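Data block below; observations after.
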Amino acid sequence: MSGEIELKIRKLGLELPEAPAAVGSYAPALQVGNLVVTSGQLPFDKDGIAFAGRIGAELGIGDGTHAARICILNALAQIKATVGDLDRVKQIVRVEGYVHSAPGFRDQPKVLNGASELLNEIFGDAGKHTRIALGVSEMPLNAAVQIAVWAEVEASD
Amino acid sequence: MSGEIELKIRKLGLELPEAPAAVGSYAPALQVGNLVVTSGQLPFDKDGIAFAGRIGAELGIGDGTHAARICILNALAQIKATVGDLDRVKQIVRVEGYVHSAPGFRDQPKVLNGASELLNEIFGDAGKHTRIALGVSEMPLNAAVQIAVWAEVEASD
Amino acid sequence: MSGEIELKIRKLGLELPEAPAAVGSYAPALQVGNLVVTSGQLPFDKDGIAFAGRIGAELGIGDGTHAARICILNALAQIKATVGDLDRVKQIVRVEGYVHSAPGFRDQPKVLNGASELLNEIFGDAGKHTRIALGVSEMPLNAAVQIAVWAEVEASD
């Protein structure tokens, strides 16, 4: 059996994108022991950054949750590219969520619930994760959200 | 023997709180291998956020160190809820400290020493940890400080 | 064989500094399993913080890349102090890069490429790493950049 998680993603009406290239001289994801760690993922789609600007100013919470979901799909694409099949994910361990925030915007958790709920829908219990939720004043490429993911994977045969 | 660390906490005149619920669709802490990672902890006490505002504006350094100590007690409560007994902590590995900072406030290390010194008092050598100390412009729920902790725990029997 | 990586550093015209002391009550680096994690490193040289200020205001991108390189050398000094010899590094796993950013500055990846490219030059394939790149509004000691590094090391004999 393989491809079950990707099937689940399609059943949710979503599609795993091509794993985006790194925005610099680094790797988009790496495995160390049974842990896969992604680089910070931005809300890239085929046309570039899908949500640019600050939540609470140019963008609203709904835009932010949407951007967070794109970041998660990109992170899952990176994990797949690293381990071959998302069915090898045993547990999503951590979501590091950075929200490009206008002065006074403090609903970072609501924005990142877009990421957390999508992981729960896709992976069920294995999608339960720890989280940090931070508001940052400036973001690479003016992206609305940046998310890095840690996943525990099954040991290789 | 068990409960030694909690006894130490009480001898310091402190009390381990109930582990706070997550502020969103995620888990407050998780174990992967021998590492327990907490979600970002806010300075919650029984009445809500105990210290709200920015250090260097609405709040001073003393408020910040106090808030940092509350975050650490909450993080320890999460670790206990995850592994059953704080005596299983072999080493505090990392403190990620985010200080809600007014423009021009650059004493984040002093604020976070509240967290670091408490860990040293409670755990002795096992409380020695690495740290990142950052100033952020916006914080969930307007909290003064957010802290996540990594702890290495003894392997289960 | 030992000291190969340090030889490489010298061939690049650089020098591994003394491992800087922690700016507070914590450890500059720790090993947990095969992973060494450093505390956030600032661009300290012998005279103190070499680059103070915000990129995009008091400082430019070139200053930032320079500061990022100093942070990396300091991180490598911490790793050496922890494991004895940089030749024991199997893989640089992660660079966490925080750039002290003026309002509107969004070229954090360019600043951190200074760090990433130096790791690639020193370690070759083993220097390939994941990365998060964030802009923060305030930084301890007004430093231009803060970087923490994770490295996987060979198991001890």
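For reference, chains read A, B and C in written order, and residue numbers begin at 1 within each chain.
Everything that follows uses one rule, which is that contacts are C-beta pairs under 8 Å (C-beta built on N, C-alpha and C of every residue); 3 or more make two chains touch, one makes a residue touch a chain.
A quick note: this is a predicted structure, and the numbers were derived from the prediction, not measured.
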- chain B on chain C, rotation in degrees - Cα superposition, rounded to nearest 5: 120
- Does the chain A and chain C pair touch with the same residues on each side or with different residues, judged by whether over half of the numbers are shared? different
- Item | Chain centre separation (chain A, chain C; CA means) in Å | 25
- chain A: which residues touch two or more other chains? 33, 136-137
- Item | Residues of chain A touching chain B in the complex | 33-35, 91, 93-95, 101, 103-110, 112-113, 116-117, 120, 128-137, 150, 152
- Hey, which residues of chain C end up touching chain B in the complex? 22-30, 32-33, 37-40, 96, 98, 136-142, 146, 148
